[in-house]
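First the structure, which I've put down as structure tokens, then a few questions once you've had a look.
Chain naming follows the written order as A, B, C and D, and within any one chain the residues start at number 1.
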Amino acid sequence: MSNLIPQHSVVARLISACSSEWRDYTKHRFVTGLGAGTLPEAAFRYYLKQDYLFLIHFARAHALAVYKADTVADMRSAASAVHALIDHEMRMHVEFCAGWGLTEAEMASVPEDPACVGYTRYVLDCGMAGDILDLLVALAPCTIGYGVIGTAFASDPATKRDGNPYEPWISMYSGTEYLDGVREATAQLDRVFEARGGNARITQLTATFREATRLESRFWQMGLDAS
Amino acid sequence: MSNLIPQHSVVARLISACSSEWRDYTKHRFVTGLGAGTLPEAAFRYYLKQDYLFLIHFARAHALAVYKADTVADMRSAASAVHALIDHEMRMHVEFCAGWGLTEAEMASVPEDPACVGYTRYVLDCGMAGDILDLLVALAPCTIGYGVIGTAFASDPATKRDGNPYEPWISMYSGTEYLDGVREATAQLDRVFEARGGNARITQLTATFREATRLESRFWQMGLDAS
Amino acid sequence: MSNLIPQHSVVARLISACSSEWRDYTKHRFVTGLGAGTLPEAAFRYYLKQDYLFLIHFARAHALAVYKADTVADMRSAASAVHALIDHEMRMHVEFCAGWGLTEAEMASVPEDPACVGYTRYVLDCGMAGDILDLLVALAPCTIGYGVIGTAFASDPATKRDGNPYEPWISMYSGTEYLDGVREATAQLDRVFEARGGNARITQLTATFREATRLESRFWQMGLDAS
Amino acid sequence: MSNLIPQHSVVARLISACSSEWRDYTKHRFVTGLGAGTLPEAAFRYYLKQDYLFLIHFARAHALAVYKADTVADMRSAASAVHALIDHEMRMHVEFCAGWGLTEAEMASVPEDPACVGYTRYVLDCGMAGDILDLLVALAPCTIGYGVIGTAFASDPATKRDGNPYEPWISMYSGTEYLDGVREATAQLDRVFEARGGNARITQLTATFREATRLESRFWQMGLDAS
């Protein structure tokens, strides 16, 4: 995790409590294939199409965080995530996919994979049933995990950059803009954790984080299985 | 509170932190009028009609508690409250009102008073935005408060019982069945409080309890204003 | 469907619009294995354990229907389903499983299968995002489907009854009590459909019903895969 | 309504079905006082402080619309409303209030008036219990009503503009930017109405619109009562 995730942060504690699931997810064969440039193109294309649907529900989950926030600052932060997802990331994704010959209409018409349904609806239900803290923890494996993967790629000399068809993906998730967002999300989780009960809740939050991490691994696996 | 509310329970702490609002609510002129038998009949009749609508939303809030429960035991307890409200208390209320010449159709067609809208929707929104603990705390002033009022009537020699038209109301809320429910709700709140963060959350929970108590006072005041 | 599902009901229209998915689900190899008594025991045991977790979320979904109901009659009907699920079906399930040597503690501690997560959270999110009609339609493949399967077993002379270890399952879902509930749910859906927009909504409701039916098939498949 | 609200729009139908409540709201004494410049300053100041709290819950309601949207276009439109409310209208409100000597801290610490609690939580509960259409209709009296009031001021020669302390308020809500938003919201409601059931739902939607309009009138009355 190098210096992306502060050592005493809640995120660091959750990752360390779920180290085996976290490793399965961040070192998944789909991920190592991205870094080596060896991932079958069909796997990546399937992933890209599902990721478009994923982003829709991810934006819905952040909208739920606006609704559930206890402070105006947390509302603002969640609203800016919704804005970034809908007006920036989804458009970027569409452009990115155009480079792979995929149109937005094509992506919107793809049947949602059970792995996408499972992960996104799990997060939404955690958030609706629980409070803003439960929701942010269920979202963390995705938000934080992509940054951890991106950072690991950037610092690993074995990562193939030249001629790697997945280089733009690597650049995006190891870029300053994305990592700043990860740092902010990590800090926000620390604040909300304290305000919403702190240590007394760690067992249940760990269970949520573990399950969400497992469901993220299945999202990678879905890509491999499709190829 | 005599021995209804254990001294170190969360409910006792919340009441003591909101002592002025709690007194305004549990010693409201509407309440003292019930105990003395001097409450204008028109006030009580208006209250009864709104209370029917109130019970509908109160049952919805307990249904939300089933959805939000962290354990099967808490689901069961909330489900049994829904069942009691819909199949027992609402029917009892209908019978009770029949004694006052009010039909169920009449009650269902009455426009909802803003005091009823305000209190019930506040509770529902606390519950939806927060977790099961936020929801149970928002519900507590009603569930617990009626028991506190009933117990106070029963132990106060000044309470008029003979010839008091409100005697059935007093009997209901000082009766064993109702008070057992209050004790159970108080104990459940202690358990959920510990599981969901404990002391770290007391400030925000106190704010919720205070606001809900204030909105309950307005429900009494609504009755007086109508007469 | 024999005479369980009235020909012009909304349920009949939904089934007919999703006939291929419906057949995959109601004639799944897991299902035919139940009727022939040839389903591997390991498949059934895994299914039973997940079904316990399923029932918890299914009860939560019906609690949500209490919260979302537009009429007191619909509240009462959903509340009675919650009650039946929590106090009757879950206990029955526990007893039933005891006969297979499974304890309640064992079932509660089993990790939830992704197929269970996917289906239950999909239903809950449909219900939260949409209205009571969206929720009831997402629930229908389960409620109604089990009755359709049970009825088909009962009327099919090829069904093995004597010496079939799954006979109690067949009896339960072809029994009068369960089928009465199916008829009531079918009639309620017709009423809510009219009140909540009718034909104008059929396209979107069909998409929900289709997805929920697909996710139900995966629940059977999960059992087979486990054996 | 001049040409702000198209004659055959759903909004026009709802307004016409609730004409008496709509007139009470849009011609409320608080409103005529704004146009004549005769509204007591204390009334306006109290309104401003509550309106800050109102905007918070209004932004939460639009965030809920992002969560509940059926299409990416509707998500985008709701997300842009959240963004506008949190990053634009709330800041503008803070600046506006600074001109009246009110700081943001002062506004955030004011106890929420029951009239504010009632209206905002009613809207949120309509939206949570129902679908995106129920939510948009509950929001309409505010969004649309302010535009109708602003337009009426702008076209009425009796409106005092010079030396009217409330001229900036009048300018804001009769300005092109605000009215463009009203036109968009009106058109969106027509689309969602068709997609979500159309005429079959008009009775229930009218009841929601009527109640929300009544609660808006109480928000004006709250200002007068405070002075």
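One rule holds for everything that comes next: a contact is a pair of C-beta atoms (placed from the backbone, for glycine too) under 8 Å apart; a residue touches a chain by one contact, two chains touch by 3 or more.
Just so we're clear, the structure is a prediction, and the values are computed from it rather than from any experiment.
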Open item on the list: Between A-C and A-D, which chain pair shares more contacting C-beta pairs?
Closed with: A-D
- [ ] Look at all chain centres (mean of CA atoms) and spot the one farthest from the centre of subunit A.
- [x] B
Task: Distance between the centres, which are taken as Cα means, of subunit D and subunit A, whole angstrom - done: 36
Task: Gap in Å, rounded to a whole number, between the CA centres of subunit B and subunit A - done: 43
Task: Rounded Å distance between subunit A and subunit C, as computed from the means of their C-alpha atoms - done: 32
- [ ] Among the residues of subunit D, pick out those that touch two or more other chains and give their numbers.
- [x] 60, 67, 128-129
Task: subunit D residues touching subunit A - in the complex, by the definition given at the top - done: 56, 59-60, 63-64, 66-67, 72, 75-76, 78-79, 82-83, 86-87, 90, 108
TODO: Spell out the part of subunit A that touches subunit B in their complex, as residue ranges.
DONE: 67-68, 70, 128-131, 134, 194-198, 200-201, 204
Task: In the complex with subunit D, residue positions of subunit B that touch it - done: 60, 112, 114-115, 117-118, 121-122, 124-125, 128-129, 211, 215, 218
